[in-house]
Amino acid sequence: MIELPFLIIFPAIAAVLLLFIANETLRDAVVKIAALLIGAGTLYAFFMYFQSGLQLFSVPFEPASQIMFVLELFIALYILYVGIRCRRYLAVLLIIIQSVLLIYVESVFVMGIHPEFNLFIDQFSLIMAMIIGIIGTLICVYALRYMQTYHAHHAEITDRRRLFFFMFFVFLSAMFGLVFSNNLLWVFFFWEITTLCSFILIGYSQTKEATKNAFLALEMNLLGGVAFAGALFYLLYVDPSGQFLGIEQLLTSGYAIALVPAVLIGFAGITKAALMPFSSWLVGAMVAPTPVSALLHSSTMVKAGVYIIVRFAPVYTGTMEGLIIGLVGGFTFLLASAIAISQSNAKKVLAYSTIANLGLIVACAGVGTYKLVWAAIMLIIFHAIAKSLLFLCVGTVEHRIGSRDIEDMSGLIVRMPKIAVMMFIGIAGMFLAPFGMLISKWAAIEAFIEAQFGLIFVAILAFGGSITVLFWSKWMGKIISVIPSGEKVEDTVKKEKWFVLYLLTALTVIVCLIFPLISSALIEPFVMSVYGQTARLSQDNIMIMAMMIFLLMLMPFSLLLYRDGVKHVPAYMGGRPTTTDMRFQGSMGITRETELSNYYFEEYFGEKRLLMAGTALCFGLILLAGVLLTGVVL
Amino acid sequence: MSRQIVMPFGPQHPVLPEPIHLDLVLEDETVVDVIPSIGYVHRGLETLVEKRQFPEYVYIAERTCGICSFIHGMTYCQGVERVMGLEVPERAHYLRTIWSEYSRLHSHLLWLGLFADGMGFENLFMNAWKHREFVLDVMEETTGGRVIQGSCKVGGVRRDIDQETLKKMERDLKGFEKGLKEMANVFLNDDSIASRLRGVGVLSRNDAYVCGAVGPTGRGSGVPIDIRMTGYAAYGEVDFSPVVEEDGDCYARCAVRVNELFSSIEIIRQLIDRIPGGEIEVKVKGNPDGEYFSRSEQPRGELVHYVKGNGTKYLARSRIRTPTLTNIPPLVKMLQGCELADVPVIVLSIDPCIGCMER
Amino acid sequence: MKPENQELRVIDTAHLIGEVEDFRNKGYRLVNVSCTRAGEEFEISYSFELDLRFENIRIIIPPDADIPSISGIYWGAFIYENEMHDLFGVHVRGMNIDFKGNLIRTTVPYPFRNTSFKGEGPCQDR
Amino acid sequence: MISLTNAILFLLLAPVIGGLVSGIDRKLTARMQGRVGPPILQPFYDVGKLLEKENLVVTSSQNYYILSYIVFIVVSGALFFAGGDLLLVIFAFTLAHIFLVLGAYASYSPYSFVGAERELIQIIAYEPMIILSAVGMYMVTKSFFVNEIAASELPLILYLPGVFIGFLMVFTIKLRKSPFDLSTSHHAHQELVKGVTTEFTGPNLARIEIAHWYENVFLLGFVYLFFAFNPVIAIVAIIIAYLLEILIDNTFSRVKWQFTLKSSWIVAGMMGLVNLGVLYYLAGVLV
Amino acid sequence: MTFLKKSPWLLHYDASSCNGCDIEVLACLTPLYDVERFGIINTGNPKHADVFVVTGGVNEQNREVIRNIYEQIPEPKVVVAVGICATSGGIFRECYNMSGGIDQLIPVDVYVPGCAARPESIIDGIVKSLEILEEKRIQMKERARQIKQGRSPGGGER
Amino acid sequence: MAFFEMAKTAIRSFVGKPATRRYPFVPGKVTPLSRGHVTIDVSSCISCGMCMKKCPSEAICVNKEEKTWIIDRLRCIVCNSCVEVCPVHCLTMDTVYSPAVTTHSGLEVFYITYVKPERPPKADSVDENKEQA
């Protein structure tokens, strides 16, 4: 079991080390070695446990819980301090409520209670660990070069890279802790650390906007934290012996006990996963350097939110509360996808797409049938890989062309061919058959039909899915437009970045190819162990999809066929003679340049309007769930 | 970063058979800026007055435009006749009026077809042009030319229509009118057409006035300009009133033209009933000396032929101010803020005749 | 046929704007602006109409003079003025939409100033 | 369960059938317009000619996208006739169309660019309805596999009348017929010149045309599924549906994209959803 | 195979015509003449066209446009000049802004006289052009074959 | 909602006979007045040159010395002007239009066979040189 503490503690050690290293070469070395070790550790853990199913461990180190409690108090104090200093009293209020609850819980109940098994591992934890351990560390490596360029571009921002990398590795550590902890008190501790890390990382640039958005994230996450603390309180209140503090124990305890904490924690998950009423923090988090966004969006933070909800999915199955959580997810999926249409800022599009996909995952988990949980886990995997790839691509492009606007990315295929192809694959991975996300959506449609009230979700998926097609393909279209005058600018991209990007691109494709293996080795056993039955795609379909992927990979070779014998002519411009850089003679004797932009449909899919609708709708649903819950509690 | 699309619209564009040149700036599909430019059909034919004697210049005046060729010829002739003080026989006036009304029918039907084509209504396009062939047949039968009639001359007309043919023409109008009614019903009542026309390209009455809109473009906005009311040629002898619509949108302009079809048929009937006998031309002697603004109502609106003679066989100046030219400023007004899909519809709604506009 | 009455007044360039404003106030519409070469000078005629009353005013200017634009009074007048500029080289001050000589693009600049023809010789030479 | 024979038959016969259908379509359209119209085999002449023409491109990658387009249209059609999973067929179908859109984007030409945007609007207009149709079929027959749906004895049309009407609506979009020929136009002229196909010449255009034939046959197959309980009725239904489309083509002006999107989402979506809702409710009651 | 002759697609461009010939070209498409009987479609897009139908003479503005459109039509292609303006500049030949018939600019294969050219004339002209189109196709094939065999195409086009 | 307003017409056209005149399988429609191309009766032309002078597009060229009457079919706008001005009515307007050609040569040369009857020659018309003005 040594792997688990290693994965939790080692990143923390690396983090502390990085806090003290100012030398860049040394930092590079440490980050790379740490990343390698963490990656190796995850792989090792994978090979050790992927067949063994659920394993519970007790931690022989007694004072661990106490140390965590003390650290939590420190965190609370820190937040209190910055909250007061920046006059964000909502944050202050929330942290006070949360701390009071926590202290009460710790002092009244926990003294003397030690759940027997604090750590556990099963296939789901393993999947999460792989995502964190591989994608998270790749982002760390990427961040090395990125932050270098970032500070070269932004001289006005103080170089706090030591803090940055410290937080990065703490984040990883906390995420490992979160997915390996069986003890909900421990989960809560790691949960709070991720909140803190995200707060500091979002506010990294210390600009006004960054600070504001960091606090927004903090407040919303603290709101979830309060709910989480409430769940802990409820659990100990119901059973002071604390035996239900273990996730496994809680899950097997039945609806009567598990429902209330599950819903409260589900609410915490919703805030962390940035679903609809709380989506604004994730969009606001875009002010942070791109690796932070990548980390938050793909492998950590939001994934913590959906992780916990998927964990509790069996509890939600067939309940009204679960359905409501699912609906919140469903509507978030629909509306966030729609909002993404009206965005031209690449990172914002990615943000809304993340929110949408998290919504879909939550929708699956909320309704919580076995097939849906299967689909949800698939979504988590594919989303993490493709999204991190896209974020890193956008980050690289941003540093080269000086803009993160999709409109500025036209002709990327000429200017940065390799990045463009990677981005292309990443985008394809997000919505096209036979790539992963689509497979999961497909599975979700099939599963929803059989679920209760599934028709609503099927409709949401049918419409939301097509909306997704729109905003991704127009982005794709933009990057592959061949501009005759484009100049190549990607030569300056550093080799570390290439390495990470190549690896992620490869992963996107490989995971699609081997997903049947992942499914049968990890997801199916997990779903089987929880539900006693499992879903899988039919062999025929898998075959066909594999064929499609191979076909897709073969198609580019057709370009060779057209090497010669093809005559190039300029585009049709209404008969007007056009120069090679697409200038033509316009009216009034002005020479005009062709400008082409995508459609954004502000009128229909405007951010403000839909956000308002989504917030109202989802807020209402959550209130409804709250009322139902109160009914249960009383 | 702007979200604009800069689109060169024309000169070669399938929606408009003539080379029109617009630079469209779009946001999504909304036109935020549009600048027209002309000159693709500019030949400079007005200068030919210095090269061709005034009786031969009729042929050139007629070829200003192939759609309303007859009315160009007639307006020019009227101008010269006025300058020279020629008294044209009544019958010639009647014949000219009959032909110009047939020209109007022909032009409106042609326009309705193109308009339907611009909306993507292929069947209606075909239908309108099928009816148009009827008019062309009449034209060819009476003048010898399908589109360029060449039957007007200074001092009268070249060809007479015998009474029998006139009667036949009147008889044939009945069936023709029936077909038109059926087609008009589609234009005026079909909702898929209305969805493309209603509220599109609105030109307010005041804008129409300030920008100088004439013809159906002005009449569609409630400005009742119809030069036929001045009673040139034989228009003083027939009863009719200008067709006016108030809404100022493309639908209104379409409705004006559709209703004018029937008004034209009515005018032709009256003319055939009342046509007097007698000569069809007077002998032209001497040379024009003086100036005159000869005005007439083309299918597209008011046409002005300014002729100035200097006592020689060659005119000093001919200026042709065509209705399309003066309808361009209203067009610029109308195009602001429309949709890309509306651009052809709006451009067509003024019935642009670039050929005659640019001369 | 009823002959139409056409009034024509020759006015001074300085009074042009005032006169045109007068027409506008009375509700006349602008029918036409046309330019004619008259010897060494240009005649510019402005035609107006109200209820079938057709009136013209005319200014006579030397070729290099510039005239004020009436497009501030009649919005649509820019098309005539631009045309006049392109064909005759008449300078018009203050047009609301100025094509800067690009409304009608011609082979020879200001072709109506001195008419030229690409005529061939007598037909026997062909 | 997947029939290779059917797939191969589709591969070979669909262009023939599709071409003939399109030829008959053009003939009938011409007759509705009071014209004689082209010979029935005209589409084959057209494609034959296009294949003989020179291949002009703005950028070589256009060739790649169009090749991919036709390949995936064929794959999805073949999958359909082989009896594969309907949803997978639909997704492959979308994939193919994305390639067409990308091909239009690649040339960076204003008209094909806007055409591509409009094509995307069309995709999001029709896709929900097609997915709902598949879902409807599943709800009745409990299978997503085409061969099982086709083998079902149940008269799907009686269970899914609303879905069928909605499907007919998106069928119009897919056939690129007026009033929904937003992104390209065959005959009637359009503000977008030829929309997505503007920048494709000769062989590429021929490929698009052939892909369109495949596509039409696939869509007619989809109509067939609604009537699969009786092949005779199904054939008659296909003919009637197609005639109806031709009539609609000839009696409508082209609408704008807003109307396309709204009408297909609201009318078709609601028709389909209400229909499915009733089915869902009935299933709940019966079970 | 001579598919080309069975499916010539037109592109019509109005160089600086008076509209007379234009509308007669369009009239060919309509029910009374219905050239779709011969597979003729008015495409409106040079990249799809085989037959370039020009009406009106060339004026200075149009020079570049016509050349541009001509270059965008894929081989094999023919040019049909419809109406006397397109063939020789016609009645406007001497105007300062005209440079005459379109054969000054691009090679014209068929001249259709008439003012305005009658639809029957236009149909005759197009039918005549199909023969030339077919010849050009054979030439093109021949050139392609020569290139494939490594021989130089012998002063081919562009 | 009024859709399908066109259906009646469409269906009627569908059922009825097409309106198409199947040119070239049936001859094109011409009327006695139709202007096709100008023909000359070479035996009665007096080479007066009126047609040449009055031709608005300078398509006709009459050469007195060589006794030729040349018309450029690619210039002729079939306006009927020459026919109207011909003092001896030797020109007529045929209803058949001139055919399309593949080379730029519309010139048609007619050799005038008219022989002047014995009569004192009349002076030529006066305004010969006006054209250069």
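Note that the chains are named A, B, C, D, E and F in the order they appear, and that numbering of residues resets to 1 at the start of each chain.
The criterion applied here is as follows: contacts are C-beta pairs under 8 Å (C-beta built on N, C-alpha and C of every residue); 3 or more make two chains touch, one makes a residue touch a chain.
No experiment lies behind these values; they were computed from the predicted model shown.
A.B. asks: Return the chains common to the contact lists of chain A and chain E.
C.D. replies: B, C, D
A.B. asks: Which one chain sits nearest the middle, judging by mean Cα positions?
C.D. replies: Checking distances from each chain centre to the full centroid gives D.
A.B. asks: Specify the chain most distant from chain C by Cα centroid.
C.D. replies: Farthest from chain C by mean C-alpha position: A.
A.B. asks: Comparing the two chain pairs, does D-F have more C-beta contacts than A-B, or is it the other way round?
C.D. replies: Result: the pair with more contacts is A-B.
A.B. asks: Would you kindly tell me how far, in whole Å, the mean C-alpha position of chain F lies from that of chain A?
C.D. replies: 81
A.B. asks: Could you work out how far the Cα centre of chain D sits from that of chain E, in whole Å?
C.D. replies: A distance of 34 Å separates the two centres.
A.B. asks: Using mean CA coordinates as chain centres, what's the chain E-chain F distance in Å?
C.D. replies: Distance between chain centres: 24 Å.
A.B. asks: When the C-alpha atoms of chain A and chain C are each averaged to a single point, how far apart are the two points in Å?
C.D. replies: 69
A.B. asks: Check each residue of chain B and list the ones that touch at least two other chains.
C.D. replies: As it turns out, chain B has residues touching two or more other chains at 5-6, 8-9, 11-15, 19, 29, 37, 39, 42, 44, 47, 50-51, 59-60, 63, 121, 123-127, 130, 133, 145, 148, 190, 192, 358.
A.B. asks: Any chance you could list the residues of chain F touching two or more other chains?
C.D. replies: In chain F, the residues touching two or more other chains are 3-6, 10, 13, 18-20, 22, 56-58, 72, 77-79.
A.B. asks: Do you know which chain E residues sit against two or more other chains?
C.D. replies: 13, 30-32, 34, 37, 42-47, 59, 61, 65, 69, 72, 74, 91, 93-98, 115, 118
A.B. asks: Help me check something: in the complex, which residues belonging to chain D touch chain E?
C.D. replies: Within the complex, chain D contacts chain E at residues 26, 30, 33-39, 42, 44-49, 51-56, 186-187, 189, 193-194, 197-202, 205.
A.B. asks: Of all residues in chain B, which touch chain C in the complex?
C.D. replies: Residues of chain B touching chain C: 37-39, 42, 44, 46-47, 50-51, 82, 88, 93, 207, 209-213, 223, 225, 229-234, 236, 292-293, 295, 302, 304, 306, 308, 316-317, 319, 321, 325-326, 328-330, 332-333, 358.
A.B. asks: Once bound in the complex, which stretches of chain F touch chain D?
C.D. replies: Residues of chain F touching chain D: 3-7, 10-11, 13-14, 16, 18-20, 22.
A.B. asks: Can you list the residues on chain A that touch chain D in the complex?
C.D. replies: Result: residues 410-411, 413, 432-434, 438, 442, 445-446, 449, 455, 458-459, 461-463, 465-467, 469-470, 473-474, 476-478, 480-484, 538, 540-541, 544-545, 548, 551-552, 555-556, 558-559, 561-563, 565-574, 582, 594, 596, 598-599 of chain A touch chain D.
A.B. asks: Help me check something: in the complex, which residues belonging to chain B touch chain E?
C.D. replies: Within the complex, chain B touches chain E at residues 11-15, 17-19, 39-45, 47-48, 51, 59-60, 63-67, 69, 110, 113, 125-126, 129-130, 132-133, 136, 145-148, 353-356, 358.
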